[in-house]
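Heads up, there are several structures right after this.
Across the two complexes that follow, chain A remains constant while its partner is chain B and subsequently chain C.
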Partner chain A sequence: MDSREEAIYNKALAAMALMGFLSFLLLSIYRKPVSLVPFYGAITFLTIVFIGYFFTGWIFPNSDKFLFILAGFLAELGLIMLCRINPELFKRQVAFFAIGVGFFILSSILTKYFVRLDVAPFYFWAATAALLLLPLFFGVERGGAKNWLVFNGFTFQPSELAKITFVFYLASVLKEGKVNSIYRLGAGILAVTGLLALSKDLGGAMLFYFTALTVIFAATSRLDLAVGGILSAAVGGIISYNLFDHVRVRIEAWLNPWRDVPGRGYQIVQSLFSIAEGGYFGTGLGLGRPDFIPAVATDFIFSAFAEEFGFLGAAAVILMYFLLVYRGIRIALRLNENFLVLLALGHTVMFGMQIFTIIGGVIKLIPVTGVTLPFMSYGGSSMVMSFTSLGILNGLWQRALEGEDDDEA
Partner chain B sequence: MYEILAQIVKFLLIGLIYYFLYNFLKLMVLDLYEERRSSEETVYYLQCEDGREFPVRSVTTIGRAKDSDIVIDDPYLSSKHAMIYKKGRKMIIQDLKSTNGTYINGKRIKRAVALRENDVITMGSRKFTFLRREARGLERGSDL
Partner chain C sequence: MKTMTKLKRNIRLVFMLFCGLFLSLLGYLTYFQVYERQKLIESSYNRRLWEQEESITRGTIYDVKGRVLAKTVEENGVKKRIYPEGEAFGPLLGYSSRKLGRANLEQALNGELLGISQQDPMMVLRQKVLGVSRGNDVYLTIDSELQKKAYNLFRGRRGALVALDPNTGAVLAMVSSPGYDSTAVEQKWDILSKDEESPLINRAVQGLYPPGSTFKIVTLAAALENIPDIEDKIYETPGYVEVSGRVIRDYEGFKPGKYDVKRALSMSSNSVFVKIGLEVGKERLFNKAEDFGFNEEIPFELPAAVSRFPRFSLMSDNVELAEASIGQGRILATPLQMAQVVSAVANGGRIMQPYIVQKVVTPLGEVKDFSRPVLLKEVIDVVTANKIRQYMVDVVENGTGKSARIRGIPVAGKTGSAENPHGKPHAWFVGFAPAYDPKIAVAVVVENAGSGGGNAGPIAREVMLHYLKSLQ
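Take a look at the complex of A and B:
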C-alpha cells in the first residue's frame, strides 16, 4: 500500500474520531438530566470502526479502505442525527452497525473466494421472487408498505436482501453482453417490479426497474432498449396514476403540497420547512425542530441533517455519496470478466439510484417514495444489506487486483 | 449555555466534515493521477512504410477519425479501425469491426491477438511494422 494514501486515510480517520467525540459530547449534555449514553455509544461506534478497519486491513492487505471509511463516516453522521432525534433508536442502530461491519467482512471474503461465474440466472431470479413473495403472504404493514417480516419481535425487510440477489440475476443473465431473449428478460424484470408494486413499495419498484435498465444498457449498449424501457415506465406511471389511489396521493403531494398542508402534503411540507430553516450553516446540533417531520428517523433523515448542519453539511453528504459511486464505477472499470463488471456496476447503480430517489424525494425534486438513505437512515435491514453490498464491491476489488497480478506473471 | 456551545461547535463540525471530504477528494485525484501514469507511452512504436513513426501508448486507437491516437487519412480504413492496448506485459491488437479488416503478417485477425516484435500490420492499403524502441527506452530509463 502506498504510504501517501495511508497517511490520508489516517487523517480522515482522525477527523472522523474528532467529529464523533465533539458531537456526541455535545449531545450528552443536550437532554436533562445529563446522561453519558451518547458518549458511550460514540466510543462503541468508533471502536467498531477501528476494529473493522484494522481487521479488513489484516486479512486483505490491499482492501479498499476508501469504501469502508466513507461508509463509516456516513453512518456516523446518521448516528449523530438519530441520537439527537431518539436515543432509543440510536442504541439499536449502533448494534446494527456492528452487525453490518461483520457482514461487510463476511461478504468480502465470500465474494473474493466463492463467487462462481456459472450459476444459472434462473436461481438468482427465483431467490429474488421468493424474497419478494414472502412478505405478501406473511408480512405486516409498516408506513404504508407491506414489506416487513416479523419473527418473534425481530423485524426484517426481505426487499433489502432481494436487491443483492436481483443484481446477481441481472449480471448473470447479461454476462455475454447481449440479450438472449428479450421477452424472458422483460418478463423477469416486470415480475419483480410488479411484486414490489403489489406490496405498495413504489420506491423499491422504481429502484429495481431503473437499475435493471441501466445495467442492460451498460451490458449491451442498445439505445432502443433504454428508450423503450423509459417509455414503458412512463406509460406504466400514467396507468398506475389513474388506477391506484396511493400513487395519485403521492404524485399530487409532490406537484402541489401546499394545497393540503395538514393532510397529504404534511410530510413533504415539514421537510421543506426544515431544510429552509437550516440556511447555510444550519441551526446547530439540537437546536432545530426536525421532530415535526413524520418518519424523520428513517426516510427523512436527510432533511433533519440539512436543518441542523445546513446547506453546507447537506452538500458535503451528497458529495460523499458521489465519491462512493465514483469508487464503485472505478472498481467496475478495473475488472476483466463481464459478469464481475456487471455485478460491481449493478451494486453501484443500486446505491446511486437509492440515494437519488430518497434525497430527490425529500427536497421535492421527484415524488416521495419510501426508500432508506443507505448508511444514514435508521433501519437494521438497510444498514446490514448496504454494508453487504459494499463488501461485495470490496471483494470484487480484490479480484480485480488479483487479475492484474496474474497478467504480470 | 447549551445553545452557545452548539452554535460554536456547529462551525467546528462543518469544518471537520469538509476536512474529511477534502482528504477523500485528494484520494480521488491520486487515483486519476495513477490512471494517467499508466496510460503513458510504452517502449513500442509503429513504423509506416514511408518512414513515419507512431508511438504506441497503453491504449492506442487507429483510424480515420480525428480523435484517434493514430490518425491515418486513407479511404480504405474505417473511422475506428483497430486498437492496440497493453495487458500485463503483452501488447494486444484488436480489430474494431472494420470494413476491410486488419491483417497480421498477412492473416486477417478476428479476435484480439498478442503482438510480437517485427509483426507487420496491414490496414487498408497501409503496412506498419511493430517495433521496440531500444535506444530511447534506455534514455528514458536514465531519466527516472
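Take a look at the complex of A and C:
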C-alpha cells in the first residue's frame, strides 16, 4: 500500500474520531443530570472501530479500507443520533455494532476462501423462501409488518438475512449471462416478493423486486425484461392500491399528507417538519425535537439527523452512501468471473436501492416504506447483516486483486 | 469474453442509474429547503411551534398609532393572550389558543409574532446568544378608533366594512359584524362556533355577496371605454326593460323618462344599465370585471375569497349578461374587492396592493418596513377615472347616495341593493372622500338591511367623516 493512500485513510479515521469525541462529549454535558454513558459508549465504539480496522488490515493487507471507514463513520453518526434520542437503544446498538464488525471480518474471510461457484441456484432460492416463510408462521408484528422472529427475548428479522441469500440466488441463476427459463426465474422472484408482501413488508418487496430487475438487466442486457418488469410492477402497484388498505394508506399519505395530518399523514408530516426545522446548518446536536417523529430511531433516523445537522449534514450523509455504492460498483468492475461480478453488483444494488428507498421516503420524494437505513438505523439484524454484505464485498475485492496477480504472473 | 464486456458496460449503466437516484435525493432536498421549508416551519400543525411558544413570548400587535390590540401577559406563570380592544377586532385579529389553534391575523402573522420567519441566520444566532425569548411586534395600518367607531355603527347587524387609503392600499379599518371578544374565545367557543350569525368569519375578506348596483361602476367603466358617444346618448325608459322574455325593473319610486348615463347612475337605473351592458357586450364586460380583479386572488396578508364573475363563454344568453351589468345573477364579490374597485376610481385608475402590516419590530430593535405602496395594476385611464369620479359625486349630491353627504367635503359614492335568496336585499355603499383628493375609500355591506342609500350610506359617511377629522 502506498503511503499517500495510507495518509488519506488516517485522515478519514482522525476525522471520525474527532467527530465522535466532540459529539459524545456534547451529549454527555447536555444531558441533565450529566451522564457519562455517551462518553463510555464513544470510547467503546471507537475502540471497536480501531480494532476492526487494524485487524482487517492485518489479515488482509489489500483490504478495501474505504468500505470499513465509510460504514464505521455512518454507524458513528447513527450512534450519535441514537444516543441523543434514547440512551438505552444506544447501548444496545454499540453491542450490535461490535457483532457487526465481527461478521464483517468473518464474511470477508468466508468470501475470500470459500465461495464456490457450483452451488445450484435452487438452494439459495430455497433458503431465501424459507427465511421469508418463517415469520409468516412464527413471527410477530412490529410497526405494521409481520417480519420478526422472537427467541428468548432476542428478536431477529429474517428478511435481512434473506437479502444476502437472494443476491446469491440471482448471481448463481444468471451466471451464464442468459435466462435459462424465464418462467422459472419469474416465478422464483415473484414468490419471494409475494412472501414479503404477505408479511406487509412493502419496502422489502420493492427492494427485492427492483434489485432482481437490475441484476437481470446487467447480466443479460435484455431491455425488454427490464421494461416488462417495470410495467408489471406498475400494474401490480395499481392493483394492490385498489385491493389493499395498507398500500392505499401509504400512497395517500405520500400524495397528500395534509388531508389527514393527525392520522395517515402524521409520520411523514412530522418527518418533514423535522427536516424543515433543520434548515441549512441544523439546529445543533441536542437542540432539535426529532422525538416528535414516530419510529425515529429506526426508519426515520435520517430526518432526525437532518434536523440537528442540517441540510449540509444530510447532504454529506447522502454523499457518503453514494461513495459506498461507488466502491461497490468499482469492485464489480474489477472482478472477472460472472458469478462474482453479479454477486458484487447484487449487494451494491441492494444497498443503493435500500438507501434510496428510505431516504427518498422520509423526504417525501417517494412513498414511505418501512426499510432501515443501513448502518445508521437502530436494529441488530439490519446492522449485522449490512456489515455481512459489506464483508462479502470486501472478500470479493480480495478475489479481484488475486485474479489480477494471477493474470500478471 | 464478449459477455463480460457487455456485463461491465451494463454495470456502468447501473452506476449511472444510481448517480441519477442519488442526485434526485440531493436535488429534492435542495428544493425542499428553498421552497417548502418556510411554509412547514410556520404550519400550525407543527408541534415545535407550540413548544417554542412555551419559551417565546408572542409579540404584541399594535395599531397604527401604537395602541395595543393583542398582547401576551403572564399571570401566575401562565401565559395568556389578551385583546384589550374587544369585539370590534375579533374577526380581524382572530385568536391564538393552544386548544383551538389560530385564526385570521394571529394565524397569518404567526411566523412574525413568534419571531421565526426571519431568514437571516446571523440574526437568529444573535438572538440565541443574547437569549432573546420574545417574538416580533407587529404594527398594523388599522386605526383602532376608526375600527371601533365603524363596528359600533353596525349595531350588531350582519355585515362588513373595508376602509382603504386609495393612494397606498393601506387598510384603515376592516370590520366584520357581529364580532366577538378574542380574549374570551376559549370559554365561549361552543356558542360562537354554533352561532348562526357566524361571528368567527371575517366577512370583509371571506364574505361573498352579489354586489348589486355598486357593480355599475365596472359596467360604466367598460361603457366609457368602448362606446364612443356614450356621454351624449339619451336612454328613454319606461321603468323596466325586457330581455329575452325576462323583465328587469327599476326600483320602486323610479321615475320613467329620458336619462343620460350620468343621471342613470345617479338614480341607479337598472333598465338603462341593462341596455348599456348589452351594448358593451359579454366579452368586454367580462374583461373589464377581470381587470378590476374579479376571478383572481387578491394578494393580501389574510387569505381572501376570490370574487366571481361568470365566464362569458358560460353565460348562456343575454339574460345573464343583463343581470351581470347590474351586479346581479351569478356575480359575487367580497367587501375587500368592492373597496378595491372604488379605490381604483379614487386613485385615477390605479389599484394598489392592499396591506395591513405596516412594520415589524424585532426584540433587538430592527425594523422591517412593509409600508411601501405596491402598484397592483392600472385598470382604467385617468380620464375615464375622472369621469366616473364626477358621476359618483353626482350620485351623492343629487342621487341615491344623499345619505353619505358631508357638509363642506365633496363625496363620491355608489349605492347598491343586492337581491339575494335570503330575504331583504343586502345594502351596499362604496365611495371615497374628499372626492377630488381622496384620503379614504370605503366599501360597506349590511346583510338583508334593505336599500343601500338608507342603510349602508350613513355608515360610510360616519366612517369617512371620522377619519377625515382625525387627519386634521
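Basically, the second predicted complex is superposed on the first by the 409 of 409 C-alpha atoms of A that agree within 3 Å, B and C clash if a C-alpha of one lies under 4 Å from a C-alpha of the other, contacts with A are read in each partner's own complex, and residues count from 1 in each chain.
By definition in this document, contacts are C-beta pairs under 8 Å (C-beta built on N, C-alpha and C of every residue); 3 or more make two chains touch, one makes a residue touch a chain.
On a predicted model such as this, the values are computed, not experimentally measured, just so you know.
With the two structures aligned on chain A, chain B fits next to chain C without clashing. Judged by the touch definition given at the top, the superposed model places A:177 against chain C, while chain B stays out of reach. Of the two partner chains placed around the shared chain by superposition, neither chain B nor chain C is touched by A:361.
In the superposition on chain A, contact is made by A:19 with chain B only, not with chain C. Contacts of A:281 after superposition: both chain B and chain C are touched.
Contact with neither chain B nor chain C is seen for A:158 once the two complexes are overlaid on the shared chain. By the document's definition of touching, neither partner reaches A:72: not chain B, not chain C. For the pair chain B and chain C, the least inter-chain C-alpha distance in the overlaid model is 6 Å. In the superposition on chain A, the residues of chain A touched by chain B in one structure and by chain C in the other are 281, 319, 326. Contact residues of chain C toward chain A in the complex are 3-4, 6-8, 10-15, 17-19, 21-22, 24-26, 28-30, 32-33, 36-38, 40-41, 43, 45-48, 51, 121.
The residues of chain B lying in touch with chain A in their complex are 2-3, 5-7, 9-14, 16-21, 23-28, 30-31, 87-90. The touching residues of chain A, counted against chain C in their complex, run 177, 214, 217-219, 221, 258, 261, 269-270, 272-273, 275-277, 279-281, 289, 292, 306, 311, 314-315, 318-319, 321-322, 325-326, 329, 332-333, 336, 338, 341-342, 345, 349, 352, 356, 359-360, 363, 365. Taken in their complex, chain A has these residues touching chain B: 2, 4-5, 8-9, 11-12, 15-16, 18-19, 22-23, 26, 29-30, 66, 70, 73, 77, 281-287, 308-310, 312-313, 316, 319-320, 323, 326, 330, 404, 406-408.
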